[in-house]
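Paired with subunit B in one complex and with subunit C in the other, subunit A is shared by the two complexes that follow.
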Partner chain A sequence: MTVIDPTAGDLAASSVSVPDAEVEHAVDTGEVASWLQVTPLMILLTLFFGLPMLVVLAVSFFDFDRTDIIPAFIFDNYIDLFRSEVTLRLYLSSLKFAAIVWAVTLILGFNIAYFLVFHVRSLLWQIGLFLVCTVPFLTSNIIRMISWIPFLGRNGIFNQALERAGVISHPLEFLLFSDFAVVVAYVHLFTLFMVVPIFNSMARIDKSLLEAARDAGAGRFRVVAEIVLPLSKTGIALGTIFVVTLVMGDSFVVRTMSGGQSASVVSALQNEVAALQYPPAAASAIIMVIIVTLMVAGILRLVDVRKELAG
Partner chain B sequence: MEDKRPWTFYAFAAFFTLFVLFLYGPMIVIYILSFQGPNGGMTFPLNGVSLHWFEALISQTRVGDIAGAFHRSIGLAVLVALITVSVSVLAGLGFRRRFRGSAFAFYFAIASLIMPGLFVGLGIALTFRLLGLETNWYLSGLGAQLTWTLPFGLLIMFAVLGRFNRSYEEAATDLGATSWQRVKEVTLPMLLPGIIGVALFGFTLSYDELARTALTAGSENTLPLEIWAMTTNVTSPTLYAVGAVTTIVSFLVISIALGSIAFIQRRRALGIRQESLAATE
Partner chain C sequence: MTRKISGNHRPLNRRRLLKGAAAGGALATTEAILGFPTVWAQNTKDVTLVHAGGSYAAIKEIGEQATKDLGFKIVMQAITDDVQLNRSLTQPNTIDINNIDSTKLPYLAGKGVLQPVPVAKYKYWSETVPLFTKGAYPNGQMASTQGLSPIEAMFYTAKDGKKLADKPTEFLTMIPTIYNADTLGIRPDLVGGRDKVTSWKDLLDPKYKGKAALVDYAPVGVMDAAMAIEARGDFKYRDKGNMTKEEIDKTIKILIDLKKGGHFRSFWSTFDQSVNLMASGEVVIQSMWSPAVTAVRSRGIDCYFVPLKEGYRGWFVGLAPMAHLSGLKLDCAYEYMNWFNSGWQGGFIAKQGYYSAVPTTAKKFLTPEEWDYWYDGKPAAVDIKDPYGNLMEKKGAMRDGGAIWDRMGHIACWNTVMDEDRYLTRRWNEFVSS
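Presenting the complex of A and B:
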C-alpha cells in the first residue's frame, strides 16, 4: 500500500482518479475535482434550463401565423404587449396576489418558526412538529388545492356551519371561485416555503443572546423585534423569494380557485400557448422573467443569501 | 432550566394547532368524502358509505387513462429520484470548496429552481419543436422536472453537509484510505440519511409535478396532468377518490424514507453505545 500524498487530501470526496504525478504538479487539484463534481449538474441544467430559456428569448422575436412560428427578428410581440391595456391589469392582479400572500405567509411562517425554535424544548418534539408541517408539502398540490372546494362551496362546510349557527341566513357566495379562495389556496400551499428558511435562520441564533437581552431588561416583544427579527433576516429573504416567485409564476391555482374569473400574467400566457401563439407567449415570459429577476436582485441586495445557504 | 412556561407558549401552541388544522383539515375531509355513497355529491352530508367512487376510478374509461398515467408517473418519479440523488449529491460535495465559477454555478441552479415552471416547460417544448422532436414524458418531461429537483436536491445537500464533520474524512486519509475508499467507506455512509432525504424529495416533487410537465409530457399524460384534466370536467367524488389514492402513495413513500432514516440513526446510536461499552471493558 502506498502512502498517500498529502495534497491528495484536497481531492476530498472525489471519485475522480488523478494519477499521483499529476496531483503533485497540478496547481489546484481541489478546484479541478470540484469542477468535475459540479459538471453533471451544469450539463443537465444547461440542456434543460439554460438553452430552453435562450430559445424562449429567440422565439420572442419570431413572427407567427395561425399554425406555425416563423423565424424572424421583429419587436412586434413586445410592442403589442406594451400597447395592450390588459398587460398592466394582469401584472397588477399578479402583484396584488403576491403582496397579500407574502404578508400572510410571512406572519404565519415567522410565528410558526418562532414557536418551533424557541418554545418547543425537546429536540424530538421539534423534529416531529417540523415534519408535521413538511409532510403535506410532499403530497399533491392539485389535491390540496381542490380539497378546499367542499369547504368553501356554496353548500360547503363553512356555509353549512355558519347557517346552522345562525350567523348568516343565506350562504356566502364570495368563499369559492373568488380571489379569496385563490389566496386561501396559495397560503395553504406555500406557507411552508416561508417556515423552513426562517426556521433554519432562527435555529442558528445563540439562545444566550436572548437571555442576555432579557437580563438587561428587554421585554418579550423587544427581544423579538431587536434580536430575533434582524437575525432571521436571511431566512425571511429566502422565504420571500420562494413565495413571491411561486405566486407570480402560478397559473393553475388562480384558474381553478377563481373559477376562471381572475387571471394572472402566467395564466394569460398559458392561454396564448393553448392557442399556439408561441411568440407573444415567449415575449410575455421574457418580460415576466425580467421583472421577477429585478425583484429577486432587490432582495439579494438587502440580504446576502448565499452566506446563509453555503456557509 | 425554566420551570414554568410563559403564557405566550400556550398562545403559540394554540396558534400552531390551528395552523395544523388548516393544513390537514381540508385534506382529511376529501378523504372522508371519497367514501361517499353512490348518490352522494361533492360535499357533505355523506349519502351512505361506499367504495363506489374508487371502483369508478378503475372501471370507468370516461375519466381517462388513470392507470396508465399512474404507471408513467411512478416510473418517471423513480428515474428523477435516481438522477437527482447521483447528480446533486456529487455537486453538493463539489460545492464544499470555493472554486472559480462557484458563485455563477450556484446562482444558475437557484435561477432554475425559482423560474416559473410553465416558462421552463415552454422553453423545452419550443426547443424540441425547433429541433423537430416530439415531446414525451421520459425525455422532455424528465428534463423539465430535473430543472426543479436538482437545485432542490442541491439545497438539501447544503443543509446536510453544513452539519457534516470533515475530520472523519481527514482521519480516513491519515489512515491510508484512497480517495475512492474514503468516499465509499466514510463520506457516503455518513451522508446516507441526507441522501435518502434527497431521494424522497426527488420522488415526490416529480410525482406531484404539474407546471413544468404540462407542456412537455407530450401525448401521454402523467398522473397530475390527468388529475388536472379531471378538475375541469369531472364533478363527482371520483376526483376525491383519485386524490385519496395518490396521497396514499405519497404517504407510503414518505413513511419508507423516514422509517429507513430512523432505522439508520438508531443502529448508529446502538453501534456507538456498544463501542463505548467495549472500550470501557
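Presenting the complex of A and C:
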C-alpha cells in the first residue's frame, strides 16, 4: 500500500497547485479552503507514511549485531545489497512476474470490462455481472490462493481429470510449486484490480462515439483500437499501477505457490526481519520504494490520470 | 524435594508454604497446590501472567488448567519465533513468562530481559532428566555437544545472568519443559517400505528427485542438509551446529546444485504445509516434526518418523521469567512454572509426542498404556488418543524410533544459532532464490 501513497500525495499536492496557477482569479478564501481540504490527508500521510519512511531511511544506515541496531551512518547495508547477485536475481524475478501477470490481467480485464460495458445492455444485468466478478473477494485472499494447491497438485483434481481422460499418462509436475502456479494465483487474485478501473473508464465513453465510428465504416476491431482503447487509457494505467505494485510487494503468494522455490524481494526482506537484521531489511525496503515509485511515476507520465479523473 | 530455599526476600509464610507443598513429595501435584490456604489465593486472585511461546508449547488448554489449579490467571499467547524475539527485546514488559526454545538464548541472554532462575526456586530439579541437570543421558553417557546442547544453554555463570555457562551452576536460564528428537518423515507406501530409508543421506538420494522437501528456516534447514551431506560422505563438518563460512559455502553450493537439478519439490515454512505436502504425496521424504507425522497418520495415510543411523536433531524448550517481574507477580511466576512441570502439562504434551523434563510427574497424568506407548516405546495396548480425545494410533501400533532414550539418547546435533548466523541467513536467501 505504501507504494500507492506517493501517488496520492502527488495528486493531493497538484490539487493544491491548481488555485496557484489561477491566482489572479482566485480570492484568498478559495485558496484557504483548498488547503483546509487537503490538510487531513496531508496529516495522515505525514504521520503514517512520511515519518515511518524517515525512520526506515535512518535505520538503513545503521549498523547491527545479533540483537541490536546500532545508530551509525554507514553505507554497508547498501553496498552489500548492490554487491549481492541475489538482489538482481530477486528484482528480475519480481519484474518477470509483474510483466507476465500485468499482460494476462490486462487482456482479461480489458475483455471482461468491454463485455460488461458494451455487450450487456441492461444496467441491471451490468451491475449484476459486475457483482459476480467480485464474488471471489467475499472469501479471504489466503483461501482463494490455497485452494489452488489441491487442484494443481501431483495427485490433484486437474491431473486426475487429465489422466482419466487419457490426455496424459504421468501427472504434470509443473502445475504446482512452480512459476506457473505463482502466475495462476496472481492472475486469480489481481484480475479484478484491472477490471474495475477499466470498467470505470469504459463506462464513461459516450456510446454515440462508437455508433458514429461504425456509421463512418469502422469495423469492430478499428473501433476498439482507435476509440475504446485510447479512451480506456486511464483505467488501464490505474489497473497497471494496482497490479504491478501488488506483485512487486508480494511475498506470500510467491512463497506458497512456488513451494518456497522462488523468492521475491519482499520475502528476502522478511527473512532478514525474522533474523532481526533490520538495517539491511530497511535498506532493501528503501530501494524497493524508490524502484516502485519510479515505475509508478513512469506510468503516470505515459497517461495523465489526473486529467482524465477530473474530466 | 525439600531443597533449602536460601538467599531470598520472600515473606516467611510464603516460604513455609512452598516448603510444605514440596514436602508433599510425590503428591506435590495439582491437589497439593489447590490445598493452599485461601489467604494466599486471595492475594493472588488479581494476578495475571502472560505466557508467550510457540503454538506447539503455549497451548490454550494448558493455560486454562493452570488458571483453574492456581487461582490466578494465565493468558496464553501463541506467537511466531520472530515476533517472540522482537517482543522480548523491544517490549519485554508485554510478556511475563517467556516460553523460549534454546536457540533464543544466544539472542536474549545478557540483554537484561530475562530473569535467571535460582535452582532453589525450581521444585522439580532433582526429578528433572539428567540431560538438563548434567548434560548427560540417564546411563551416564554425556550427550552430544554439537549445536547448542542443554548443558551449554541451561546455566548462567552467575546470578547477574550475563553469560551462559557450559557447566552446571546455581542459576538456570530457564526451567526446562519439553524436548524431542527430530528426524526425517517419509511416506513408506511411496518409497517402497519403512526399511528403504535408513540414513540422512537418503534425503539427497537422486531416486527422490522432485519428491523431497526441506524446512525453509535457515538454522534448521541447513542442519538437516548438513546431516545428509555428512552422511553421504561429501565431507565432515568440524561442528554441524557451528559451521565456518567455508562449510556454509560448501553446503549451500551443494544445495543450490540440487535445487537447480529439481531435487526439491518444495520448502515448507509452516506446520500445516509440511503436513499437506506429505499427505498429498507431493513429497515422500522431508524434514518434519513429530506432531506433523501424527497429523498425516490421523488422516489414514501412512507416514513414518524414521530413526536414522546417524542419529536425531534435538531441541528443547523452557520457561523463563521476564526481568520486570518482582514481588507477588514473581512469586506467582515461580508457582506457575513449578505447576508447569508438576504433571498435568507433561501428560498433555506427551500425547502430542513431546517429552516432559520431569517424566515422573507426567506419568501420573497418563494411563499405564499411554505411558508404555509414548515413553517406553511398547506396542499400544489400547487405541491411542491425542490430547483432545481424537484417535491417533490403533491398538498394537508402536512409536517410531521406540522408547524415550532410544530416541533422545541418540542426538547427533542440537538446534542452534551459529556464530556465522548473519552469513548463513544471506547464503540461505541465495539458495532459496536460486
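The criterion applied here is as follows: the second predicted complex is superposed on the first by the 260 of 311 C-alpha atoms of A that agree within 3 Å, B and C clash if a C-alpha of one lies under 4 Å from a C-alpha of the other, contacts with A are read in each partner's own complex, and residues count from 1 in each chain.
The rule we apply is simple: contacts are C-beta pairs under 8 Å (C-beta built on N, C-alpha and C of every residue); 3 or more make two chains touch, one makes a residue touch a chain.
Computed from a predicted model, the values in this text were never measured in an experiment.
Of the two partner chains, neither subunit B nor subunit C is touched by A:97.
Applying the stated contact rule after C-alpha superposition, one finds that A:186 touches neither subunit B nor subunit C.
In the superposition on chain A, A:115 makes contact with subunit B only, not with subunit C.
Shared-chain residue A:273: touches subunit B and subunit C both.
Between subunit B and subunit C, the partner in contact with more residues of subunit A is B. In the overlay built on the shared chain, the residue A:155 is in contact with subunit B and with subunit C. Legend: residue contacts after superposition of the two complexes on their common chain; A:176 is shown touching subunit C, with no touch to subunit B.
With both structures placed on the common chain, the touch criterion links A:147 to subunit B but leaves subunit C unconnected.
When both complexes are overlaid on chain A, the residue A:50 reaches subunit B alone and has no touch with subunit C. Put simply, subunit A uses residues 149-150, 153, 155-156, 256, 273 to touch subunit B in one complex and subunit C in the other. Those residues of subunit C lying in contact with subunit A across their complex are 81-82, 85-86, 89, 106-108, 111, 210, 213, 216, 218, 259, 264-269, 273, 276-277, 280-282, 417, 421-422, 425-426, 428-430, 432-434.
Only residues 5-6, 8-9, 12-13, 15-16, 19-20, 22-27, 29-30, 33, 42-44, 83, 86-88, 90-91, 93-97, 99-103, 105-106, 108-109, 111-112, 114-120, 122-124, 126-127, 129-130, 143-144, 146-147, 150-151, 154-155, 158-159, 162, 166, 169-170, 173, 176-180, 182-183, 187, 200-201, 204, 207-208, 210-211, 215, 224, 227-228, 231, 239, 243, 246-247, 250-251, 253-254, 258 of subunit B touch subunit A when the two sit together in their complex.
By the touch criterion given at the top, residues 66-67, 84-86, 89-90, 93, 149-150, 153-156, 173, 176-177, 255-256, 259-263, 267-268, 271-277 of subunit A touch subunit C in their complex. Interface of subunit A with subunit B (complex): residues 1, 3-4, 8-17, 30-31, 33-38, 40-42, 44-45, 47-53, 55-56, 59, 69, 108, 111-112, 114-116, 119, 129, 131-133, 135-136, 138-144, 146-151, 153, 155-157, 160, 188, 191, 200, 220, 241-242, 245, 248-252, 256, 266, 269-270, 273, 278, 281-282, 285, 288-289, 292, 296, 306, 309-311.
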